[in-house]
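The structure is given below, and queries will be raised subsequently.
Labels for the chains are A, B, C, D, E and F, by order of writing; each one numbers its residues from 1.
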Amino acid sequence: MKPRQKRMTIILGGLAGLGIVIALVLNAFQGNLVFFFSPSQIAANEAPEGRSFRLGGLVEEGSLRREDDGLTVHFYVTDTAQRVPVTYTGILPDLFTEGQGVVAQGKLDGSGHFTASEVLAKHDETYMAPEVAEALELAKGEMPASSSLVQ
Amino acid sequence: MLQVSGLFCERGDRQLLNGLSFTLKPGQLLHVRGANGAGKTSLLRIIAGLLLPTAGDVLWQGKPTQQQREDYHGDLLYLGHLDGVKGDLSCIENLRIDNELLGAEISEASMMAALEKLGLSGFEEVFAKQLSQGQHRRVGLCRLLMSQAKLWVLDEPFNALDVKAVGLLAGLIEVHLERGGMALLTTHQDVPLSTERVSEITLGQV
Amino acid sequence: MLQVSGLFCERGDRQLLNGLSFTLKPGQLLHVRGANGAGKTSLLRIIAGLLLPTAGDVLWQGKPTQQQREDYHGDLLYLGHLDGVKGDLSCIENLRIDNELLGAEISEASMMAALEKLGLSGFEEVFAKQLSQGQHRRVGLCRLLMSQAKLWVLDEPFNALDVKAVGLLAGLIEVHLERGGMALLTTHQDVPLSTERVSEITLGQV
Amino acid sequence: MNINWFKYASPASFYPLAGKMIPWFAVPAVILAVIGLIMGLFILPPDFKQGESYRIIFIHVPAAWMSMVIYLAMAFWAIIGMVWNSRLSSMMATALAPTGAIFCFLALWTGALWGKPTWGTYWVWDARLTTQLILLFMYFGYMALHAAIEDPRRAARASGLLAVVGAFNVPIIYFSVQWWNTLHQGASITPTKSEMAASMASVMLIMAIAAWLYSIAVTLKRVRCEILDRERHAAWVAELSTEAK
Amino acid sequence: MLAIFHTILARELTLGLRRKADVLMTLFFCVIVASMFPLAVGPEPALLKTMGAGIIWVAALLASLLSLERLFSADYIDGTLEQMIISRHPLALIVFAKVVAHWLTTGLPLVLISPLLALQYGLEVQDGLVLVATLLIGTPILSLLGAVGAALTLGLRGGGVLISLLVLPLFVPVLIFGAAAVDDAAAGLVIEGHFSLLGAMLVSALILTPWAVASALRISIE
Amino acid sequence: MLAIFHTILARELTLGLRRKADVLMTLFFCVIVASMFPLAVGPEPALLKTMGAGIIWVAALLASLLSLERLFSADYIDGTLEQMIISRHPLALIVFAKVVAHWLTTGLPLVLISPLLALQYGLEVQDGLVLVATLLIGTPILSLLGAVGAALTLGLRGGGVLISLLVLPLFVPVLIFGAAAVDDAAAGLVIEGHFSLLGAMLVSALILTPWAVASALRISIE
């Protein structure tokens, strides 16, 4: 091969490779590479069965119930479309409140009940002063930007 | 034609080459002299493209070697302090690989002939690591018989060779020069080469 | 006194030594000759205790060396194809360790003097791997200045040395012999040693 | 116009220039950092959800940003150094690494500290956190490789190559929160939107600018040491040291 | 072009397979590492099943890590590497042949033995196949990336550990996606995404690393 | 006698610790290996806690394994090993100094970092201390036994993997008792027995291996 031909082959090969890489990467993001599953995904049977996984969403307003031992809690995790009942025994993070985002690690039993072994609070990207938040809440009548987690 | 112009080289705080320039024409041999540590090996490695000079150029057929690496290396044969012989391969296997790396494309029979010429007949199938130091070096020297390279760069090729092998090697170099080849050489021994073709440079004392 | 009696050595199907016997007395040097692959290195390694002979004995002061390993090694200085110099240590650090291994117990100043004598002043703190081939070898040769050993076993000690260093080394060997030391030596070069003390053996061609 | 650039690309002329530039970056860096910290820690109101703990943001975010930017800058200078064989740019790459590693460590450390009160754990293996940890390891790898090679020129070239190979990780870190749904929050501030109260965002920007200026000042300082070290035999360095005496 | 690739490949394979024991060795290493975990962690089947894919992947990774140091160092010490660098053929091609040989002698045997290891940890047959597939795509990436680290650390002190330091961060994504694919397959999830990503990594490594290794070798030889 | 021990020890430490970066390298290696498992196996805290001691032990074992190849091979290639063998001092003593240095540069840093790793895996403080103690007794055994393997495989092709093959079976008992002690401590059982066994292994290794290594080296050098 002449040097020019060789260079062309290399460039073409490189471009073809690049094309394949881009196609594969794009294809990958069609799939599900997730840190947690949403209630809707669970409803659609996309979450694993009989195996520990993470459930993510918002703590449904008014669903939080504490047992007498002070450690065990029951609540629903929702993404506004679907909801999953969750039980957890242990210390909750400080930011855990109704309406707040959570990510819970645990297992789903046959009846669709989620038993968590660890509960983490997920914070969204909103930051503002309390007074501003109150003002906003008054104006809109709801928690500010609480839907940003659900997307 | 090999041209070296304005070569500077600095290694570990020491200035070895200070604007060295010379030209090597077909049929010429340059004997690089100098005490231990003068920078002979460094110079030869720069010319072979194994070391970057601090400044300066090496031109082959008028073009910087950096810009025509593969063409230049096709014309080059370098033999350094290390033989470049694989201990875990037999002599003939070593030659087969050299044949390919040099792009020499000679036949199996010629390889056997090369080994024989260097006194290694009977050792074709012996692992190189089971050879004596001098025999090991001879396997590396077989390249001189195989390659078509125009420029030979030989760093102390006579090391570890016995008297007979030294004579043989000197003969090979003379034939190469007669054919219009070029050679660069370092050695601390006196070598029986016809002096008309040989020019010398001496690198500065440390 | 070193006595070698009935030494046989076979390596890789080849019979190298065939009942070799000789005696080396104080003040004598034995130049072991032979073509590449004749078995010189093998012989020297057997004598140094690094290789087991197929048969035969090496006696030191009348006693087999195997039975008095530490005493014998205290009297021995061996320098092989490999320098035994650590590339990742500086020259002076290398010497300190040799000092201990040889049991020489010389002072720091004497070590500096040894380096200087071998033309390495200025390189005391340089890592050995940053030295040229000849300088590297010279660091190994410093042992000759440090050690009190009676028997020197030197395998091609002139390799890679420049003319000046060759002269220096030859001088060292002469002094050693004058003091009543013994030496075994291989080399393919001609060496400027006063011939009266030198005897030769030539190992058979392969 | 184009003469100056080449002049200053030589270590000998860059050395004094860098010396003159350092105060121009260092002083504003200190002033901005003090302003930013006072504003951030004492004057700004708490966050409506996180309360006081959110104030870590003023260190965490600039540190995280800088750790990524500096790695990219390292790779950039390494490429320039390789292509144009320019000594100064490979010295720049070398000089950047420790600062980057420190910021990377700071981002991890403050992030972990912040994670406990907000998430309820110091550490999870989500994409953002994992990739950031890898970035720290790559900084370590870069510095270890550089330190392991004695010859400064070879060290610069080898570690430069490593920096380029590793640069692929940076976009992955940045976009990890978009590509995977992580526990770590998404971007609060992007070129197009801001989900952060303007006062908080501006203090964060002040801190970010302070971090930039600090990085530049420190890097210039390191580059000066590097130049001295590598050019210690050059005539101009010798002159410099005799002048000092 | 092809002749040199073929020659170098043959050379490496000859060196690697000269003795039969050498081929089996990586296998043994992997098997031993994989068998060590049940010893260290305890023999609970459910636990082992969960950990299985992860551990086999880590064992594969370490086996390929261990063999990296040898990739160039022997050639460096005896000067054959010099000869390759100044040969008339593109260094990237020679390097590529060496890496392919490295994979054939360390990665491939590992892929072949993995079903057995999967059985040992009680993975389902199906998940075992997924494991084999991830290893088949993943181990070449390890060899390619590892070669960069091996080339950069050539001739340096502390080579083995330094390589690990440089290379492990680059290995991590491969490990994550490889192990996660098996886990997700076991959980009945779609795993196309993982494979696409592994494929993308493989293709980009194939394109880029030979050049990177070639430059690294030129730097290291000085 | 003591002078030569001291000199060789100092030599090895100089070689190992020439620069600050080198000391930290084993530490980084362990941290990286230990961090890889959560990535491969999944991040569940309970699982990680169970595996913690095992993984840290395996990381320790690998760190010492990786560095074994270097123990004699560099000295072999440059001829300094020859000089040690024919020195006037007992080879076993020289070897012992080398092994002690090996432990000081690979084993000890690991013992020191292990509490941190234990924390990372969520082990209780008490169990972490037991872990440190087992490592303190166990890692010297690894260095001693490993030296035998390294000496035997000197100069052979495929050294790295071959060492592992020879040495890992010897390491297994150490690993089992080391990891089991931590697990049993976590379970509230008596662990004196494990410690006695580890101690016995250490003492016998201390007595026997230096001689074994010395003979192996004499054979390998031929």
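Here is the rule we use: a residue touches a chain if its C-beta (ideal position, glycine included) is under 8 Å from a C-beta of that chain, and two chains touch if they have at least 3 such contacts.
These numbers were taken from a predicted model, which means no experiment stands behind them.
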| item | value |
| --- | --- |
| Steps needed, at fewest, to go from subunit A to subunit D via touching chains | 1 |
| Copies subunit B and subunit C touch via same or different residues, half shared test | same |
| Which of A-F and D-E has more C-beta pairs touching across its chains | D-E |
| Identity of the chain that, by mean CA position, is farthest from subunit A | C |
| Central chain of the complex, centres being mean CA coordinates | E |
| Separation of mean Cα positions, subunit F and subunit E [Å, integer] | 24 |
| Centroid distance [mean C-alpha coordinates] between subunit C and subunit A, Å | 74 |
| Between subunit F and subunit D, distance of the C-alpha-averaged centres to the nearest whole Å | 37 |
| Interchain centroid distance [CA atoms averaged], subunit B/subunit C, Å | 29 |
| Sequence positions of subunit F contacting 2 or more other chains | 15, 18, 22, 25, 28, 32, 39, 42-43, 77, 157 |
| Subunit A, residues touching no fewer than two other chains | 29, 33, 118 |
| Residues within subunit C bordering two or more other chains | 81, 88, 130 |
| Residue ranges of subunit A touching subunit D (in the complex, touch as defined) | 29, 33-36, 56, 91-96, 100, 103, 118-134, 144-145, 148 |
| Footprint of subunit E on subunit F - complex, ascending | 15-16, 18, 22, 25-26, 28-29, 32-33, 36-37, 39-42, 47, 50-51, 53-55, 57-58, 61-63, 65-67, 69-70, 77, 157-162, 164-165, 168-169, 172, 175-176, 179, 183 |
| Subunit F to subunit A touching residues, read off their complex | 42-46 |
| Of subunit A, residues touching subunit F in the complex | 52, 105, 117-118 |
| Residues of subunit B touching subunit C in the complex | 11-12, 34-41, 81, 119, 122, 126, 130-135, 137-138, 156, 159-166, 188-189, 206 |
